[in-house]
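Structure provided below as C-alpha cells; questions to follow.
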Amino acid sequence: MADIKARIAARAAKEFKDGFVANLGIGLPTLVANYLPEDVHIVIHSENGFTGLGSVANKGEEDYRVINAGGGWVTYMPFANFFGSEESFSIIRGGHLDATVLGAMQVDEEGNLANWIVPGKMVAGMGGAMDLVVGAKKVIIAMQHTQKGAPKILKTCTLPLTAQKCVDMIITEMCVMEFKPEGLTLTELHPDFTVEEVKAVTEADFIVADDLKAMEED
Amino acid sequence: MKNKIVTAAEAVAGIKDGDTIMVSGFLGTGSPEILLDALVEKGVKHLTLIANDGGLRAEFTGTTDKGVAKLITAGMVDHIIASHIGMNPDIGNGALAGTMKYTLYPQGTLAEKIRAAGAGLGGVLTPTGVGTIVAEGKETLTIEGKEYLLELPLHADFALCRADYCDTFGNFAMLKATKNFNHVMAMAADTVLLASEQVFEIGEKDPDFYQVAGVYIDYIVKGEQPWQI
Amino acid sequence: MADIKARIAARAAKEFKDGFVANLGIGLPTLVANYLPEDVHIVIHSENGFTGLGSVANKGEEDYRVINAGGGWVTYMPFANFFGSEESFSIIRGGHLDATVLGAMQVDEEGNLANWIVPGKMVAGMGGAMDLVVGAKKVIIAMQHTQKGAPKILKTCTLPLTAQKCVDMIITEMCVMEFKPEGLTLTELHPDFTVEEVKAVTEADFIVADDLKAMEED
Amino acid sequence: MKNKIVTAAEAVAGIKDGDTIMVSGFLGTGSPEILLDALVEKGVKHLTLIANDGGLRAEFTGTTDKGVAKLITAGMVDHIIASHIGMNPDIGNGALAGTMKYTLYPQGTLAEKIRAAGAGLGGVLTPTGVGTIVAEGKETLTIEGKEYLLELPLHADFALCRADYCDTFGNFAMLKATKNFNHVMAMAADTVLLASEQVFEIGEKDPDFYQVAGVYIDYIVKGEQPWQI
C-alpha cells in the first residue's frame, strides 16, 4: 500500500519541470514533492494563502501564523509570499498554476471529475477543489485504480461532479491515462499489469496508445 | 478625528439577534479571537455566519475552540455560508438535527462574492462550479464560447477581522498565512471591527507598513493574542 | 470670481462631518478642504491610489512617488495609506466614500450629470469621474450657476452623461439645490439673489423649499 | 530554479509588431521607464497599448517624456485603451489624423477588467457607465432592480511593471502612489516584465516585505531609477 502510493507519487513527480508552480492536494498528492529530481525545484501553492509551502513543521518549531490548507503547521520556503484568499484564488483560477495533483472518487471518459461529495454522507464542502481543477493548466489525478476492486474510472460519473471535462491525466498504480483529442488514452502500463487487467477494472472505454510505454518506477 | 479604539465588549455591542456577520480565519488561523470571545459573552442568537469554514473544535486543537467554532459551539449560528465545514462536525450534525443550515461555495467564489460586495460590483462571472450542483439556480452566461456562473455579492451587517498591526486610524497589516479573508471582509460589511495584536499611533510607522486602508475600519480593539500552540 | 469660488467652496465644506472620507475634484472642489471648521478633519481620497491626501508639495520638497490624480506633486497625511487602482476604485464604487465634490458642465432635473465630454471637442477621457459619481454616498456638484449666463441646470442634459440620477446636491454662487423625493428643490438662497433671479438662469423646474434658508457665507 | 534576471533589452526582446502590451503608471508615476526605453530602442510597431493614460510629454515634465508617452512619441502605438488621454495631446491629434485609435473605459472599470483577466473571471458587473455612451454595445444585467454593465476581461501579451523592491524570484513591493496598475497588470499578461529599483536575494527579506507574489513574474530587470523631478 505504501509502495503503491510511492509508485503513483513518483510517477506524478515526473510531470513537473523546474520552476513549476503547483498545488498538491492533501494525502497522496502531497508525497509528490518527495520524488522530484534534484534539478527540479517547484513552487508549491497553498490555497489558504501562500506560494512557497515547505514541509510539515517540526514539533516545537511551529509558527502560529503558518498553516497549510489542511490546518497543519507547516514551514515556508525563502521565496515564499503570503496573500489573501481573493489573491490565492486569482492565482488558481487565473491560470497561474502549472499543475495540480489531486485524488478522486470518480473520473469518467469525458474527463469529468467527482471528488468532493457522496450523497447521504456527511458533507465536508468543496473548499478549493472546484477552483483548482478549473484553473490549473494541468490537472493530474493521482489515485488507486479502484476502490477496493470497484472501478473509479467510469463511463459516466455517478457522484456529483467537482468540475466538467477538467482532467488531463490519471496516474494509478497500474497505469497512466491521458485525455487526448481522440479520447481517453492508456499511455503507460506498469510492468506488473497487462492491458487486459487494466480493462477489467476500468469501466470507461479507452484507447491504447500506439506507443504504449512502460510506467517506470523511477 | 473620531476615536475608533474601543473594548471588545463595546465593539460587538451593536451585533443583535438575526444579524449576518462575516468572520475571517482559515481553520481558526487569522480569526479575531477576542471579538469572538466577546460575542459569545454577549450571547446573540440566530446569526447568519459567513466564514471560510467552521473553525476548529477544542477536541482538535487540544486547547480551546478556535475561530468561528466558538460561535457554533455556543449555538449562536442558524446558518453558515462557507466553503468547507468538514472539520467542525457540529455543522453537519446540526444540519441533520435541523438546528442549523449551511450554504457552500467554492473557496475562490466565496472570496470573490465578498470582494464584489466590498467593491460595489453587481457580481462576477466565474468558471468554477459550471456543470455541478453549485450551478443550481444560478444564471449562466457564455462568453466567447466558455460558460460562466454569475455569482452575486455577499454582504454582511458586521465583519470581524484580525490584524497583527494597525494604527489608530485602522490602517492594518497581517503577517504570513493569517491574511485569508481579512482584507475582503473588511470591505464588505456595514460595520467593521478589527482586533489587532499591536496598535501604533498614527504616523508612528511608514504608510507602506500597512497593507489595507483604515477607511474600512469602524472599531479597533487592542490585545488580540498569538495562538498558543 | 475668486470670491464666488470661495463662497461655493465654503458652503460645500459645511456638508462635511468629522471623519468623512471624501474625494475632491480638481479645481474649485479642491478648495473645499480650506474651509473646513477646525473640529472637522476629513480623509481625502486620491483616486490614483491613496487615502490621506495632504496639500500641494512645496517646491524642492516633492516626493517622486507621490502625485495626485492631476499629476501634481502633493503631500500625504500621517494616517495615509497607499494602494493599487483596483483597490482605489473598490473604495469608490463600494460606497466607502462619504462624499465627492465635483464640477459639472450640466445637471438636469433628474439628477443626471454631464461633466466629461463635449462632442466635437478633443476628448480627455472620463478618468475616475464616472466611478466617483456612481459610488460616493453623497454627490455634491460645486459650480458656477451658469456658463457665462447660459443655464447649466437644465430640464434634460444635452451633453453625453457621466452618470444617470447621481447628483444629490448642487451648490452655486446663487443657491443650494437638493434632489429630494419630490424633485429638485431650492433649499438655500444667497442673500444677493431672489428666487426669481435664480429661476431666470435655471432651465430646470424646481421646487422652493417651505423652509428656504439663507445661504450663509460662513 | 530558473534565473529571471535579464537586461532590459533581453526582457523586451519577445515583444513584436502588433502585440498587445499593458504598461503600469499614472501620468508616468509607477511606470517602468527602463523597459519603455528598451522598447523604444528596439522599435516595434502597431502596438495595442493598455494603460491608465498617455503618460506625460517632455513639454509637461520639463525633462523627458515619462511613462507610455515614450511609446506614443515614437509612433509605436496604433491603439490605446485607457481611462484618460487628455494630458497627452498626441493621442487626440493622432485620432484626428487617423494614425491612432483610442478606447476609453472608466478608471475603475479598466482596473477591474485587467484584474478579471488575471483572476480567471469571465467578467464583472459594474454600475459605472450605465446610461452613458460607455454602455453602448455592452450587455446590461439587472440585479435586484439595479442595472449593471457586463465588462469583459482585458488581457495582454506582455505586461511591463515597476517595483521599488523585489527579490530574484519576483516577489515585489511598490511604495506610495507608484502602485496603481502594477499589481493587476502583473496578473493579466502572458509574459510579465518587472523593472525594479532594488533586487534582493531570495530570503534576504522577510516574506511580508513583499506585496505581490513572484509567481506572476517572468523576467526581472535591475536598475529602474527614481524620477528626477
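The letters A, B, C and D name the chains in turn, as written, and every chain counts its residues from 1.
Following the convention adopted for this analysis, a contact is a pair of C-beta atoms (placed from the backbone, for glycine too) under 8 Å apart; a residue touches a chain by one contact, two chains touch by 3 or more.
All figures in this text were calculated on a predicted structure; none of them were measured in a lab.
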Per the touch definition, the chains contacting both subunit A and subunit D are B
Could you compare the number of C-beta pairs in contact for A-B with that for B-C and name the larger?
A-B
Please tell me the distance, in whole Å, between the geometric centres of subunit A and subunit B computed from their C-alpha atoms.
29
When the C-alpha atoms of subunit B and subunit C are each averaged to a single point, how far apart are the two points in Å?
35
Hey, how far is the Cα centre of subunit B from the one of subunit D, in Å?
32
Cα centre of subunit A to Cα centre of subunit C, whole Å, reads 55
Of all residues in subunit B, which are in touch with two or more distinct other chains?
112, 115, 119-121, 126-127, 175-176, 207-208
Residues of subunit A touching at least two other chains:
50, 76, 82-83, 86, 89-90, 92-93, 134-135
Linking chains that touch, what shape results: line, ring, star, complete or other?
other
Full set of chain pairs in contact is A-B, A-D, B-C, B-D, C-D
Applying the document's contact rule, which stretches of subunit B touch subunit C when the two form their complex?
1-2, 115, 117-121, 167, 169, 171, 187-188, 202-203, 207-208, 210, 212-216
Note: in the complex, subunit D contacts subunit B through residues 112, 116, 119-127, 141, 143, 146, 148, 150, 152, 173, 175-176, 207-208, 211
Subunit B partner contacts - residues on subunit A that touch it in the complex
46-50, 62-67, 69, 71, 73, 76, 82-86, 88-90, 92-93, 112, 117, 122-131, 134-135, 160-164
Going by the contact rule set out above, which residues of subunit D touch subunit C in the complex?
26-30, 52-53, 56, 60, 82-87, 89, 92, 95, 102, 104, 106-112, 114-115, 126-134, 164, 175-184, 226-229
Contacts from subunit A onto subunit D in the complex sit at residues 18-19, 21, 41, 43, 45, 50-52, 76, 78-83, 86-87, 89-96, 134-135
